[in-house]
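Before I ask anything, let me first share the structure, which is written out below as structure tokens.
Letters A, B, C and D mark the chains in the order given here, with residues in each chain numbered from 1 onward.
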Amino acid sequence: MSELGFTPNEMMTIAASRALKGDDVCFVGIGAPSAACNVARLTHAPDITLIYESGTIGTAPDVLPLSIGDGELCDTAVTTVSVPEMFRYWLQGGRISIGFLGAAQLDKFGNINTTVIGDYAHPKTRLPGGGGAPEIATSSKEIYITMAQSKRGMVEKIDFYTSFGHGDGGDHRKRLGIDTKGPTLLITDLAIWKPDPVTKEFTVVSLHPGVTRDKVQETCGWTVKFADTLEETPVPTQLELQTLRDLKARTDAAHKGEAVSAKRGSKDG
Amino acid sequence: MSELGFTPNEMMTIAASRALKGDDVCFVGIGAPSAACNVARLTHAPDITLIYESGTIGTAPDVLPLSIGDGELCDTAVTTVSVPEMFRYWLQGGRISIGFLGAAQLDKFGNINTTVIGDYAHPKTRLPGGGGAPEIATSSKEIYITMAQSKRGMVEKIDFYTSFGHGDGGDHRKRLGIDTKGPTLLITDLAIWKPDPVTKEFTVVSLHPGVTRDKVQETCGWTVKFADTLEETPVPTQLELQTLRDLKARTDAAHKGEAVSAKRGSKDG
Amino acid sequence: MTKFLPLSKAVADNLNNGDTVAFEGFTHLIPTAAAHEAIRQGFKDLTLVRMTPDLIYDQMIGMGMARKAIFSYAGNPGVGLLRRLRDAVENGFPHALEIEEHSHAAMANAYEAGAAGLPCAIFRGYRGAELARVNPNIKSVTCPFTGEVLAAVPSVRPDVTFIHAQKANKRGDVLVEGIIGIQKEAALAAKRAVVTVEEVVDNFDDLHPNLTVLPNWSVTAISVVPGGAHPSYAHGYYIRDNASYLEWDEIAADRDRFREWMQKNVIEKTADDFAGRVEHLRNVA
Amino acid sequence: MTKFLPLSKAVADNLNNGDTVAFEGFTHLIPTAAAHEAIRQGFKDLTLVRMTPDLIYDQMIGMGMARKAIFSYAGNPGVGLLRRLRDAVENGFPHALEIEEHSHAAMANAYEAGAAGLPCAIFRGYRGAELARVNPNIKSVTCPFTGEVLAAVPSVRPDVTFIHAQKANKRGDVLVEGIIGIQKEAALAAKRAVVTVEEVVDNFDDLHPNLTVLPNWSVTAISVVPGGAHPSYAHGYYIRDNASYLEWDEIAADRDRFREWMQKNVIEKTADDFAGRVEHLRNVA
């Protein structure tokens, strides 16, 4: 906790939550995206539709899921469908407005690596891999990315293109026949970034309270571009902070094994 | 009703029902196939699985459906799936042991026409078309056909190949890469027919009680082949006849609009 | 986000002359009320898509509203032929009808591909079947792994799909249950989806999580029309009016009788008349 | 027609050295008991297929049972990496592991195509993604109608699939509910399907008609193993043991500690021990 009364991570999650609207249909990655989406739902966007790749559509969990398939997601969903249906009708069908992704490695064009550090055949570190990300990145109407800044994570060149952002920048998506917008927003623990309209390079448009340009550059592996007029991200409101902290507290308790009842099975014996 | 105590149509349905076994999984066409399958289920094959293309799997209707999608089929089914699932997982997936079809026009190699009489572009009579038959005919492990004999129905050359039987005979299926058996049984109101092992031409193997070779030939548009040793189809048992007649009586009453209760919707308000 | 609208407005807002439209229902839940409303509003030049065109397409074709029909089984289910469709195909009355004919497997896959946002569907089909000769929209694709040649058909992507469903909740989520047929795929494959329902309930809290529910943001408009599937049925509400299907065979056999029946039973009626038609078919369980 | 068998026999009868096998479960209903039984029986040279290999594949790989893994997300869900899988891929310990890596969309489509009896699946995928460069089983097909190039992957057709489900009835029909994941497709795609269930009930008469039910003739064998999904969960029976997932990260980090844990918690145990592991996680609703 800084003297500001909130942590950089809290600022990141809350800033991300503000980008979401009530009529958005979000395909939610686990971790920071999940927290941001649920804070949005619990504050200014109660009608937002949250979709997890396990098949839960329109879910409203009381605690954050540890995995993308916790029972709470199904308990509170409008409907729960099979995984093939999720990827075919809902994602590939073009019904997702925002795909919300995290990243192990990210470059300035929003390309993401969660596959390997090092060479694919002989990796230094074998990461979990892409999961839903390769198609989330191209089938969602737009992509928001959220991650904490570090030189290891935000790099000039990623080791593996797990999912495609703007490629080499410019009209690279278009040249590959991809007609969705790709990454349109990056929210880190220090700043809000948007792609340059032409080059598609992520550019800092707003610094979080108390953050300097130097601090952003120190924790980023590429030479950072800043917008001509740089905003300051509004500090979290009391409601936002309380909502996030309550959510985290409920979540921590639940993940330590304090049972939440398993509800809503079939009605028979 | 003949002096035998049963009609040729009853004999046809009962002979067809006898060909079905308890471990069969039948994809059931409407009409005569549906009656035969349900008589089998209600007599010697209580465990038979009946599937209708509307998505009802393991159904056990009390009355014969007028259409392939009557509510009774769903009420009594083990499960009811979507139509794409029916055609993809259950039929194309190779899980149907017997596809049971009727025909408007049939040739001696078991090719079926239910599309048009006359030229396709300028038909003399436009029939309903193939529905599920084109893929039932090639994805089911084997095909049983049942129809009442007539020179108009059993023809030397059908006007349109709605579904493929043995084509020009011999190994024609194999040459098209179709590895299922195709038509292995034809049951008419006069006789039981099986394909010749080599030529695949339907050959009479059993005459129904009181039926002569001449009668079979008079009502068939191609020159009929008879097996060297010709059986006589056993007469219907009392149980078979009673089961069929009860089923028909319940069915007629229901189709005239005497309401059977609509059961088993969702449990909420 | 969906809107609750009177059926006349839902149809007027979402259907246009020249549209490709699916009024889907696989024996169960046929959207008859929506089709009759479209007939009353007199649309022209429609391309009618449906696996099992039955009475409602026979009616629309007989009224001269259709330019083309895409289908896989054009029969009066369990009864026989569709006589108005026959008259159009065989005699060009009231005018010629272009047809694009498939098998059920092809149509089911084509709707599924439409819902999945794909341009085409592949499946093991049409082997030895003559439709592949007369329908230029049946092509093939070779599996790049096994070399097997599979059938390919274009996906179905209607401008608008009409379906009938059991119920909506107040938020506008829609439940389809029983013989679910091809309704979900037909709705999701379309640019616009209009749903008539038997009733609106407060919420779906007590529903099993795995039922067929269309979220409100996947539906364009909802109209409450009790009995709106008649003479088809709504599982849990009323049974199929088999007698009406048998009767249709006679009505449609004669051009004049058909026109008179349409005038009296469709043109001069409204969506409100459907509730009365199913009264005697309602559940007594 | 299915058989009810003790798990040890169901595994022995249906799994062989060298088989391609899927122990499927998408976070929910992971067939841990079946996997542990396979570990006890010491199978070798397996090709392990799963969208989300987690603890059980980490365990099987760490025990040297796997020749190859086909997957789309090899993580401890919500926790991090799979350390035994990493050790095999990065260091060849206990021996080298061949991997065939896909995206979730590809795997989901591949199972679906397997259930549908097709040799391959097509979908709009892998655009700009580098997996297409390193995995020779990612190819393409051109839509014969639009010319669009779509991704193609071979269907998944395991020799045997193991899944865990909530219940069977006495006839051997199986119900899966809640997050149904890819279980139905994985079971139907396989030559043989083995299901562990929480319990057996008399019949399914009260079930809604549209739930996910595998008819008895589509299932090879059923074993009753209460708690058999632990530390995953069975919706309606017990909740996910998130603490065990967190703990696994430490256990798997060290080769010796891993072996000790496996000896004590898997090798020296039986399927009967699962019931006790979920006692504190059972529903109090």
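Some points to look at:
Note that in this section a residue touches a chain if its C-beta (ideal position, glycine included) is under 8 Å from a C-beta of that chain, and two chains touch if they have at least 3 such contacts.
Because the structure is a prediction, the values reported are computed rather than measured.
Where touching is counted per the definition, the chains common to chain B and chain C are D. If you compare B-D with A-D, the chain pair joined by more contacting C-beta pairs is A-D. Each chain gets one centre point, the mean of its Cα atoms, and the points for chain B and chain D are 40 Å apart. Centroid to centroid, with C-alpha atoms defining each point, chain A and chain D lie 27 Å apart.
Computed from the mean C-alpha positions, the centre of chain A lies at a distance of 56 Å from the centre of chain B. Listed for chain C are residues 112, 116-118, 123-124, 148, 177-178, 180, 184-185, 204, 208-212, each touching two or more other chains.
Annotation for chain B: residues 74, 80-81, 88, 92, 139, 264, 266-267 touch two or more other chains.
Those residues of chain D lying in contact with chain A across their complex are 26-28, 51-52, 71-75, 77-82, 85-86, 89-90, 101, 103-105, 108-109, 111-112, 123-131, 134, 148-149, 166, 175, 177-182, 184-185, 201-202, 204-208, 211-212, 233, 235-243, 245-246, 280-285. Residues 116-120, 122-124, 137, 139-146, 148, 150, 152, 154, 177-178, 180, 208-212 of chain D are the ones that touch chain C when the two sit in their complex.
By the touch criterion given at the top, residues 1, 112, 115-118, 173, 184-185, 188, 204, 208-213, 215, 217-218 of chain C touch chain A in their complex.
Of all residues in chain B, those touching chain C in their complex are 30-31, 53-56, 65-71, 73-74, 80-84, 86-88, 91-92, 115, 120-121, 123-135, 137-139, 160-164, 167, 172-173, 176-178, 254-257, 259-269. Taken together, the chain A residues at the contact with chain C in this complex read 23, 25, 49, 57-58, 74-75, 77-81, 88-89, 92-95, 139, 264, 266-267.
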